[in-house]
Amino acid sequence: MAEAFGDAATLGHALAFEQALAKAQAAEGLISTVEAEAVAHACAQPLDLTSLAHEAAHAGTLAIPLVAELKRLGARRAHLGATSQDLADTVLMLQAKAGLALIEADVARVVRALKDLAIAHGETPMLARTLLQPALPTTFGMKAAQWALLAADSGRRLRSEAGLAVRLQLGGAVGALHGMQGGGAGVAASVAASLGLPVAVPWHARRDAVAGLGGALGILAGAMGKIALDVALLAQAEVGEAFEPQVEGRGGSSAMAHKRNPAGCQVALSAAHRAPHLAATLLAGLPQAHERGLGDWQAEAPVMAELFLVTHGAVRAMALVAEGLEVRPAAMRRNLEAAGVGFDLGEARRLMQAALDAAEHD
Amino acid sequence: MAEAFGDAATLGHALAFEQALAKAQAAEGLISTVEAEAVAHACAQPLDLTSLAHEAAHAGTLAIPLVAELKRLGARRAHLGATSQDLADTVLMLQAKAGLALIEADVARVVRALKDLAIAHGETPMLARTLLQPALPTTFGMKAAQWALLAADSGRRLRSEAGLAVRLQLGGAVGALHGMQGGGAGVAASVAASLGLPVAVPWHARRDAVAGLGGALGILAGAMGKIALDVALLAQAEVGEAFEPQVEGRGGSSAMAHKRNPAGCQVALSAAHRAPHLAATLLAGLPQAHERGLGDWQAEAPVMAELFLVTHGAVRAMALVAEGLEVRPAAMRRNLEAAGVGFDLGEARRLMQAALDAAEHD
Amino acid sequence: MAEAFGDAATLGHALAFEQALAKAQAAEGLISTVEAEAVAHACAQPLDLTSLAHEAAHAGTLAIPLVAELKRLGARRAHLGATSQDLADTVLMLQAKAGLALIEADVARVVRALKDLAIAHGETPMLARTLLQPALPTTFGMKAAQWALLAADSGRRLRSEAGLAVRLQLGGAVGALHGMQGGGAGVAASVAASLGLPVAVPWHARRDAVAGLGGALGILAGAMGKIALDVALLAQAEVGEAFEPQVEGRGGSSAMAHKRNPAGCQVALSAAHRAPHLAATLLAGLPQAHERGLGDWQAEAPVMAELFLVTHGAVRAMALVAEGLEVRPAAMRRNLEAAGVGFDLGEARRLMQAALDAAEHD
Amino acid sequence: MAEAFGDAATLGHALAFEQALAKAQAAEGLISTVEAEAVAHACAQPLDLTSLAHEAAHAGTLAIPLVAELKRLGARRAHLGATSQDLADTVLMLQAKAGLALIEADVARVVRALKDLAIAHGETPMLARTLLQPALPTTFGMKAAQWALLAADSGRRLRSEAGLAVRLQLGGAVGALHGMQGGGAGVAASVAASLGLPVAVPWHARRDAVAGLGGALGILAGAMGKIALDVALLAQAEVGEAFEPQVEGRGGSSAMAHKRNPAGCQVALSAAHRAPHLAATLLAGLPQAHERGLGDWQAEAPVMAELFLVTHGAVRAMALVAEGLEVRPAAMRRNLEAAGVGFDLGEARRLMQAALDAAEHD
């Protein structure tokens, strides 16, 4: 994920955008084929990533130094009719697309592993706890099925928001496609097709879908945090009902050799702790002035990158935890007996199945 | 909206829940018809709202004093197999349902008024501004169409999240429907039908949909904030391109009689300022321990009520602003001329229409 | 605390402000003694709280309907040279002053009770836990002393920020005291003295101290949350090392009669859960435009009121928890033995004393 | 600032910590001089930064791979009695100390430049604006003096919180200095002296001062955001009263060559937009379980680094803006005349001086 949002990926997507734009403009007759080829040629040259990143940081935008460099390399008509934000938003969405694929694959692992746990432990009685106090009996299968449904629903929301947010940005200086000589519709359709993104009404200052995507990532991180918190509480020495698997070189202590820390849960909880505030940054940034905001828009990209990073870290960590979870039915039974609340499981079996069915439905 | 989340509404929904539960349990043979009628009878008695609210605040839950009072009134089998959270979450969702109806009606007003503005001003040139600086020409119709699409999309997201979140909560003590003697499925279906809510796998500690609803409200509030910010910036004396309508008794100044403050925009901006943090509270509350959280769950209801209140205030305020907006084409033209960026509108007409079409599609 | 920020207190402080202003202006010769007496007379009349609150909500400010009402009652020169924000900010600070007194008294109770616990348990060995896993031995006294120091330091920060934030607001329309005919310095000094607030350079759009006060409240709420989380974890059935005292009518369950929920910890955790987002609202509101913001400033008062309310609730709840905490040294010893990490207490005694000393120093 | 929190600085501080610890332990007789020299020797060897960073990310802590590497290099007794968090927190505070020096130097530049502006424009009349509408006259000197006081007070708060937060962390495994054989006090004093940090009662799970420091950074970022918003609003073409200086290679537009964007204000507003949510992450992390939290503590370091980075970026940007601000008294006068609110300056001169005096007092 760090790669998906790294400098090399950023540059790669940016070059793909400029190349696709020139190709589309040649097809629409806005520039000549030779000019488009000059852009493609310049984009194929090795660029100095470090110096570009440095200049971009100074300029506050990658577009200006990148386009200057491409022009220096002969791409005289590069970036025609486009604005910095077209490049920046499109690059961000190409990164998001790659990031989402990584996340979705790991969400699927989490859901699958949790469902397997549920099915394996549909008859394993344990103590349910409310407000951190003993309540009544349930099964570990029920608990795992609830986790699976939470993960599945959070993954579904993410997919749905991604379907709204991940799209081409191409509006030109003020979202009215100046400089496309009336060929904007064709150019946009062609660039979108080249990049594998849907076309959209320019959304320079209409950021609801960005905030929606951020919220969905935040919810997924929080979902992983909920599962992690439960596992960490079950793994307390005095409870001892479940433990995350040990991973070589992780979860040790520099002061206490005997310790076996819940390192995967820690990653997920840390992410669940940071994500709401990252998502809130995007929400708070919705009131962006006029046709492009000042400061609020520019804060989005690093926040979104961080949100993808921590959320994916959480999902990946919980995939490992779920796949290797060590369940201790004997301890569950012992704690349940100690609570003295009987063994009536209510309708846990039926509801576990209902949760698993609901987690299935796509 | 204050009423929809007020004490009287809370009590009304709570009594409806208890009555529906008893009726359903009688139908399933869990209690007798006479017992169900005793519950219905108790629920019909006048209850002391103030004293109940006071006891509920002390107990930390409405269910305990309410059920005690109902039993005192003869409803011996009230609340059978239900838990405090069943009552609290269901009441919250009945309130959300009522609140959503209010919000959606006002979103529709906003969208309609903005579309009308767009159509009326499809040929009104004005200066587009990026980073608070003059950019290139656009039309006011384009600006209004972007606002309309933002409002429409935010309304759609809210409807979609509401479809996931607004549902019955009925899980009993630990989400396994203890005490329903195996008749839980029938009871839940019947209570859900009585209350007009869909049935659901108990979601006591699975709060993704609550956070999703909160996020959608936050996005809608932010969308209103964006429109409000634009209007307030256009209404600056030196710009003078659009003004919100004056409302008797609003927008005055206690120190300066000449002032005409953008009071509607103020309401929307204030809401957009608060909403992200309320939504973030819900996001941060996702990691709830085991079968019911301690502190995090209990924080949700007041936060959700506040979120509905400020969001609806914003939508209502912007409905009035949009419906009565005073547009000054002459000032728009004057500022555009002063900027010296010509009058080329690019593809503003086509894109305005595309925005209006996209705002339509449901 | 609900009273301190309630409508009656708001109105009382507002009338005190108007009366003090008129008195000061008479002393400076800006209005006649008779005119000042007319203001005092009007302020002494019974006012219709409900109708004023309603009009204030509509106008978006209390000042306008209140001053209109006072003028109707003969106070022709009321509010001279003042602006709505002067009244609103001063009222908020008078409320904050009253609220801080309540909070500080309860912080003192918390610190005292925790110190007593520390001293009583300086030799009570228990298991320290890191990352929710058994670590090495400590004493319960050490734990309580850490809590005490946390509470004491958080109380100190609050006092320090209150010393910066709680002050008179009197700047007139734009913070330049127009309409005071050069007598502003004298008037401000006199109003400040009447109200028991320090005078200050008008701070209409300079909100650092408000955000600082909010942050300090948030930290105090979080400190209470930390203590509450520890207590709730110790009170888990399988751990059983400490329990909050039972309070009649609190902590029960509507579904499980055997339950004894940590209701005080719940209140504190709920507050610690909400407070960061309330404090962040104030932080995010710092960039207020020009001489008075639009929307951001107006969001402060309700957020601050909520912050005082939840923070005080947390401190009050933890005072009761700390004063009545039931400590179980035998369970502590049993869990420590089970962990098999020996009984070496390190330098717990010395460090406990150091923590207690540090908690003392004011 | 990126350097102050970069990998090289992290490693440098970590090695300084380990070396100071060994030296102190030799002085206290806990290890031999030869053993301490072996630690010093190992710390002086060139270490592979990239591979250490990679292992640290995997282990979730730098201490474990670093100490292993030092031992491999012969430092058999390195890290004796210390825990990972001792190293991590101390390193963070050494970074904070370096970061604070950078920030304070730039705050001083901002305050100085704003005071100079105030003095130069104490008689420059301009229109004050409230709720984004024309209000009454003030002077630009008054405005700049308010900015100066805001910056000065925010700087003071930061210094005060830094005085509480920046300190040694040395508590050993559970904050009771196990393994120091009773010599902990001496060791801590000596390590603190070596590193130039004050000694403190171990604060592993007592994070009020960290949150306080974060809040102070957030307030400073917000203060810069307020100044930036005002400048950006003044720089609107239709207002034209002040402009930030142009910096080569900054503030340009890839689509519109005529544009002169407020790039410095953008940096500050972007920071002010992100900082509240970073500060809130720290506030929300206060309830850390027992003697070391799971997930919440581990989230602090990256958040704090980001907070330093964006806050310093904002202060640095506004130093350049304040030092080079282009003020246009003629435009100020023109807009003031157009507003038709006269030229009465109230007590702007006196209050400007009061603000400048208040900004002075340390």
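A, B, C and D are the chain letters, set down in written order, and residue numbers restart from 1 in every chain.
Following the convention adopted for this analysis, a contact is a pair of C-beta atoms (placed from the backbone, for glycine too) under 8 Å apart; a residue touches a chain by one contact, two chains touch by 3 or more.
Note that the structure is a prediction, hence the values are computed from the model and not measured.
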Relative to chain D, which chain has the most distant C-alpha mean position?
B
For chain B and chain C, let me know how many angstrom lie between their CA-based centres, rounded off.
29
Intercentroid distance (Cα basis), chain C paired with chain A, Å:
38
Among all residues of chain A, which ones touch two or more of the remaining chains?
129-132, 135-136, 172-173, 178-179, 225, 228, 232-233, 253, 256, 262, 266, 269, 272-273, 276-277, 280, 284-285, 294
Given which chains touch which, is the overall layout a line, a ring, a star, complete, or other?
complete
Chain A - residues contacting chain B, complex
128-132, 135-138, 142-143, 146, 149-150, 153-154, 157, 160, 164, 171-180, 182, 184-185, 201-202, 204-209, 211-212, 215-216, 218-219, 222-223, 225-226, 228-230, 233, 269, 272-273, 275-277, 279-280, 283-294, 344-348, 350-351, 354-355, 358
Touching chain B in the complex: which residues of chain D?
129-136, 232-233, 235-239, 253, 256, 258-262, 266, 277, 280, 284, 335, 338-339, 341
Would you pull the chain D residues touching chain A in the complex into a rising list?
55, 58-61, 63-64, 67, 79, 81-84, 87, 172-173, 178-179, 225, 228, 232, 249-256, 262-263, 265-274, 276-278, 280-281, 284-285, 294-296, 298-299, 302-303
